[in-house]
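Let me begin by presenting the structure, written as structure tokens, before commenting on it.
Just so it is clear, A, B, C, D and E label the chains in written order, and each chain counts residues from 1 on its own.
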Amino acid sequence: MASSKFPLAPPEHSRPHAPMGEGCFLGETERQQPLALKEALAKIKNWFRANSLWVMAYGTGCGSIELRPLTTARFDMERFGMAMRPTPRQSNVLIISGYLSVKSLKRVIRAYEQMPSPKWVVGLGSCTINGGMYWDSYNTINRLDLYVPVDLYIAGCMPRPEALLEGFGVLMEKIKAGEANGWNHYLEQMDWYKENQKKLITDWDLPDYNW
Amino acid sequence: MSLKYTIAPFSAWLQAVSKPFTVPVTGGPRPGAPRYRGWHINDVEKCIGCGTCSAICQNEAIDMVPVDDPVVGDSGLRPKIDYGRCCWCALCVDVCPSGSLGMSNEYVWADTDADVFRYIPGVDEKPWDDSELGWRREEGFELVDHDRVPMGMLDPDERTQTWAEVVIGYTEEQARVEASRCVDCGLCVAACPAHMHIPDYIGAIRDGDDARAVQIIYDNNAMPEMCGKVCTRRCESVCSIGVQGDPLAIRWLKRYATERFDNLAEVLQPQVERVGEGRTVAVIGGGPSGLTVAYYLAIRGFEVTVHEALPQVGGATFFGIPRYRFPMSSLEKQVDLLKSAGVKFVLNHRVDGDELTRMLAENDAVFMGVGLMKPMALRAPGEDLPGVIPALDMLREQNLGHEVDVGEKVVVVGGGNVAIDASRISRRLGAEVTIAYRRRVVDMPADDEEIEDAEAEGVEIVTQAIPLRVEATEDGKLDFVWGPAEMVQEEEGKRPRPKLIEGVENHLVVDRVIVAIGQGPDLDWLPTEISEKICNKWGYIEVDETGMTAVEGLYAGGDLVNDTADAISAIADGLRAVNGIVDKTRAQHV
Amino acid sequence: MDEIIQRIRDNFGVLREHRQRDDLAEVWIEPRHVLPLLTWLKEHTPFVQLTHLSAVDWLEDGEFQLTYLLTDPVGRRSLMVAVRISREEATAESVHTLWAHAVTYEQEINEMFGIHFPGSPRQGVPFILEGWDDIPPMRRDFDTVEYMNRHHPSRPGREHTDPRRYIGQVVGEKGYLHD
Amino acid sequence: MKSFEEILDFAIDNEQKAHDLYMDIAEMATRPGMRQTFLEFAAQEMQHRERLEAIKAGKLPELDQARVETLGLSEHLVDVPVEKDMDYQSALLFAMKAEQRAYDLYAGLAKATDDPNLVTLFEGLAQEELKHKLHFEREYDDVVLGDN
Amino acid sequence: MTEQTALERRVQLWFGPQHPGITGNMAVQAWLEGDTLTSGVTHVGYLHRGFEKLMERRKFIQSFPIVCRICVPEPDTNEWLLAASIEELSGLDKEVPEKARWIRTLFLEMSRLSSMLMVLGGHVGAMGLGTAPNWLITLRDYILDRFEELTGARVYHMYVTYGGVRRDLPEGFAERLEANLQEIESKLPLVDNVIFDSAVFRKRAIGVGVVPEEWVDELGLTGPIVRAMGIARDTRTDYPYEKYGELDIEPMTTTGSDIFARAWMRRLEIAQSIDLIRQILAKMPTEGPYSAKLPNMLTWTIPAGETYVRAEASRGEMGYYVVTDGSDKIRRVHVRGPSYVHGVTLLERLMPGTNIADLSALMVSLQVCPPEIER
């Protein structure tokens, strides 16, 4: 599986059919670099990443109502290098703004997989943690982390824009420290995620991975 | 399209110099509004662990978790909030019967771990614990009903003219409304000495199933109609609704349900194993504890004989409680139930020491519940004068249907229920009544409602009055001399004691001085070899956790055993003995 | 209002009627009268708008109730026409020919209750749900909590102690009328 | 009585006598539980005696001179004779009265003497007896007069 | 290059659910020939939570926090409708205190105002104009500040309950609200400049998305869509509820029935709302209880019955059809949101012939709110 160009073996439990070839997005190119340089580069990279969070404009639930004040003049998230992007291809932050119906979850998985790495998922509100007020609904999931890797939870129903800003502050710190690695986890545990997704989405008609 | 429409939008540029809308980043997030609904806070000292917050939460976000040992009036449970469920609707705060739960105005909490968003407010330390602002319980908006359905009563003027029951009782509709106030917390169950299934029968009454309510009531109380009328109601004193409003009228609801049915044997269908088939039990004393033992053993096949010194069973509930509170018909209904269960009664028969010894030999078990029959003496000079009478004697004579003459003016010494009963009876006998009590009205052991009723009926209460002596006057009356007292707080937390103010004497000329200062055990008739084993220094009887005394096979209960001396505790003692006797019988079967 | 109800009574027969408010009345009619009555109301009375079409599941009675809310926008009053149909193979006549938006209502009721409206264009086409494999969720016999437990696991680690039971347990609450 | 020690001996003797009296009453008590009551009273007198002995031996600080406020219960209650079938109420009453008498004795002695040291000692002993009396008064107030 | 057939020229396009131009989490499946839609189908269900099912297993008081989630931009109409319908069926409506009714009217009108400010912002935002949304959404946020002060929350207020409201107005509330209203009024001319006097907006809005008058009765259209045709219909005046009957209020109308007219309707109604709020504040009694005495909400049962209660949301007539069966829970509730017709049948009818670039503008002008379609 590992080509000579990518000496790093694929992580354990990785999806056997995950393409690891040239040009693949997975290719976090690992060259034989001095350790110190590698660390320094990683730090610089993470600093840039943390300060240019591009958020995908997908209002999946109620919580997105507080994204509008956040993007406009009063709370103005562009001050912090964050911007809304209309397409997954340009985004690296996916905000799951609350509950997800099964129908939405399908689209969310697809959108998430289309986002280029590194990417982070932020769960807003009770619903993403344990189902929130729709805990007994037949149509909403109770735990978001079963289906996509969640890097940060912001509690509230729904969290106010100020809480979101604080939350993004936490996310930025985690990114700078190199601790927000949900996207890696998703790849490493792909089998587990896919199993959960397919267990719930009975009419699975998606490709196994959306590039 | 005119030029205007091309130019007008550019006016927006003028805003470049105006004050920006943007909230500054410095100084952290804006504080929430004064009544913002943020993270929960809980005053755990005030919280009673009733779980109403958890019950009203539509998201099942609140778990009750044990944090402390349960005590009467506090389950020891505290709410733990799951912020993966909470929707910040604050119904939990608005419903909180103790008013302990609140919300701070803090709202920021972000974490990478989904499992951290749970805590017990007030127990797990949080930065917002001391938050002054935030959503709180507010008077004027209650989600539970604080107001009890008022009980109909005879008019006070009318009452003194009749022996009819003062309390009229709830109508069906009133009972349903009152029952619907219950929040099903169960604190009352712990407070009730017999641990009656209070929320369950209230629920049955609320749902309109009175027969079920009666079955639940009789499940662990064989004299509930009596309790429904005269119980001391520890349950109501811990009722969670009672913290901020009127407690549920648990007694009146029990009264309502039990009064609904005349033939109890038909309604109650005990489903028990007749483990006592072929065994005999003697019960000495037909009071609440004895009758409880008799009923629950009889339905289990035991052959039970109740020995009673008076011509009627009921014990203190017969001779000690005036008929206007507990009519004879109610008592007879209970006795009928016992008879239908096969209990035998030997009336007008006082058991003596030899007979007790014989009974112990002849029966599988003997239960003794003879109560406190000896009135405490005043021990003031003049107590032997004719006209100074113990209240118990007066009550007994009255209840036995004998003529009682109290004259025109009476002073009753004491502040317990007996004193109140004696006063109210005297009122009905046409006398002017004064109660002389050593302490304050709040210290009176008598039921608050009873005190109010007595006052409504024209009984005058003189407090902090210490009896000094009784003297005979020349015209054949009695001069009751008393001195005023001051209340001294000797120890923190204990009730203050009265201390005589020397040198002042007040006189009250009356026809009768009725002494109701308390009563003690009268066990002189016990054989010494038994009394030595079972009595403690105060002359009361000691039993183990099965209700048995140090004498094998001799069980005891009631006022003789417990230190609260009320009917429901006696019933609880009876139940304990039932358990003990049944368990022992079962063990013998094996 | 009284006059309209009187005319319905005369021409179609009313099983039950109820005046909720001055501007709101409800009549229960037989299923066979639904289309004629609604057509008549739309064509010959001021009740020209269909405000909503809703279904109620009376599981105990083995029936569904369909409620058509018709509004007279000029006279500012509404009339609810209710009809009970059997829950077995539940079928009702479509009114989409009278009001185009009834298609959506009928599509939704078809999906959420399983009531079939023959002739309505989008019957059987999923409207809200996707990949649904259980009985229609708005039926009373569909248990949403049971479904949730099967499909949407909750976060573990919670334990609730019911105060009522807990207290009973601690104090040793017992019954004596049964063993 | 002259010396400090003599007086203490006298007091110790008094306590011993009281103890013996209670023992005698306990011996003849017929009512259930009353024997135990009087045995306890006797044991209390023994404790009082031991306390005085400890003071005499210098093991304890001198007697507390603070005035004890009693409830003034016994003064207005009748005397009770020693009987074999005394009940708990009578027993308490008897004990209260006994302590009152002891107090009266010491208080009288304190008045009758001029030596300021002895006055102090007698008054200390008197207060000690009042403390004992208060103990019984409290018990009487709680147990006998619970309803009053 | 060979000639393409009509079929070959036809393109199927999924517009949404993840698309910045769509009004919330919904989708339109559109068929195009070139830039022009030949037909379209609305797809919803992405936000379906089963409110109506969930309310069937919640006690009355437990249903009340959940209903506000049915429409996120304007939750309060839902709260009021549930309260009003349950009050009507239980007979509690006779006990709602005078002051509570005034507070409710104020609350509903504030809610309309905040919703319309947001939608007008969204309206031009969907056409790619960025200035006005920045202002309007901020102005809405000032109203949210007042909501926060009044109810304890910014968006989901959970404030109107059976028998009244949950809290009294805070001290000095009217003055602070008046200051916000003045702030909004002072900004409105600027908003007019960048929206209604903007050549871009006028060119794209005038004459586009015209709703014919015949459809009103056929589809049961309500609200600003109807008023933008010049028909004066408004639930607040037609079926006066709470204190609307005591206010000086006339339905606003305009003509044109196109996207511009509907945007202008909102602009008119923002001014109307501001006026109404001032009237309410002036007439509101200062003293008195804000809630009736409630029975124990954990055990409350109400008699069996059916009713339909309606209110004017910023999008049109919103109604609750509620059935009770004498138990402690709702038997059935059917939420009739205005978008149910506007977002599905009406939108699908308007789509053929519409330019794909105008689709966003068209949807937002109908103010489609997907959660109230699927609940």
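Throughout what follows, contacts are C-beta pairs under 8 Å (C-beta built on N, C-alpha and C of every residue); 3 or more make two chains touch, one makes a residue touch a chain.
All figures in this text were calculated on a predicted structure; none of them were measured in a lab.
A.B. asks: Among the other chains, which touch chain B and chain D together?
C.D. replies: Output, common partners of chain B and chain D: nil, no chain qualifies.
A.B. asks: Which chain has its C-alpha centre farthest away from the C-alpha centre of chain C?
C.D. replies: Using the mean of the C-alpha atoms as each chain's centre, the farthest one from chain C is D.
A.B. asks: If you take the mean of the Cα atoms for each chain, which one ends up farthest from chain B?
C.D. replies: A
A.B. asks: Suppose every chain is reduced to the average of its Cα atoms; which one is closest to the average of all protein Cα atoms?
C.D. replies: B
A.B. asks: For chain A and chain B, what's the span in angstrom between their mean Cα positions?
C.D. replies: 59
A.B. asks: Which whole number of Å gives the spacing of the CA centres of chain C and chain E?
C.D. replies: 24
A.B. asks: Go ahead and note the Å separation of the Cα centroids belonging to chain C and chain D.
C.D. replies: Comparing mean C-alpha positions, chain D is 87 Å from chain C.
A.B. asks: Starting from the mean Cα coordinates of chain B and chain C, work out the distance between those two points in Å.
C.D. replies: The mean C-alpha positions of chain B and chain C differ by 48 Å.
A.B. asks: Two-or-more-chain contact residues of chain C, please, as numbers and ranges.
C.D. replies: 129-130, 137, 142, 144-145, 155
A.B. asks: Pull out every residue in chain E that's touching 2 or more other chains.
C.D. replies: Counting only residues that touch two or more other chains, chain E contributes 45, 48, 50, 53-54, 57, 65-66, 134-135, 138, 156.
A.B. asks: If you look at chain A, which of its residues touch at least two other chains?
C.D. replies: If we look for residues of chain A contacting two or more partner chains, we find 73-74, 103, 129-131, 133, 135-140, 143, 157, 160.
A.B. asks: Would you mind giving me the full set of chain pairs in touch?
C.D. replies: A-B, A-C, A-E, B-C, B-D, B-E, C-E
A.B. asks: Spell out the residues on chain B that touch chain A in their complex, using ranges where they run on.
C.D. replies: Checking each residue of chain B against chain A gives 20-23, 25, 29-30, 58-61, 82-88, 107-114, 117.
A.B. asks: Can you check the complex and tell me which residues of chain D touch chain B?
C.D. replies: Against chain B, chain D makes touches at 30-37, 40, 69, 71-73, 75-78, 80, 85, 87-89, 93, 138, 141, 143-148.
A.B. asks: Quick check: in the complex, which residue numbers of chain E touch chain C?
C.D. replies: Checking each residue of chain E against chain C gives 44-45, 48, 50, 52-54, 56-57, 88, 217-220, 233, 238-239, 305-308, 317, 319, 321, 323, 331-332, 334, 336, 340-341, 344-346, 349, 374.
A.B. asks: Inside the complex, what are the residues of chain A that reach chain C?
C.D. replies: Per the touch definition, chain A meets chain C at residues 102-103, 106, 129-131, 135-143, 146, 200-203.
A.B. asks: Residues of chain A touching chain B in their complex?
C.D. replies: 73-76, 79, 123, 126, 128-133, 135-136, 143, 145, 150-157, 159-160, 162-163, 165-167, 170-171, 174, 179-180
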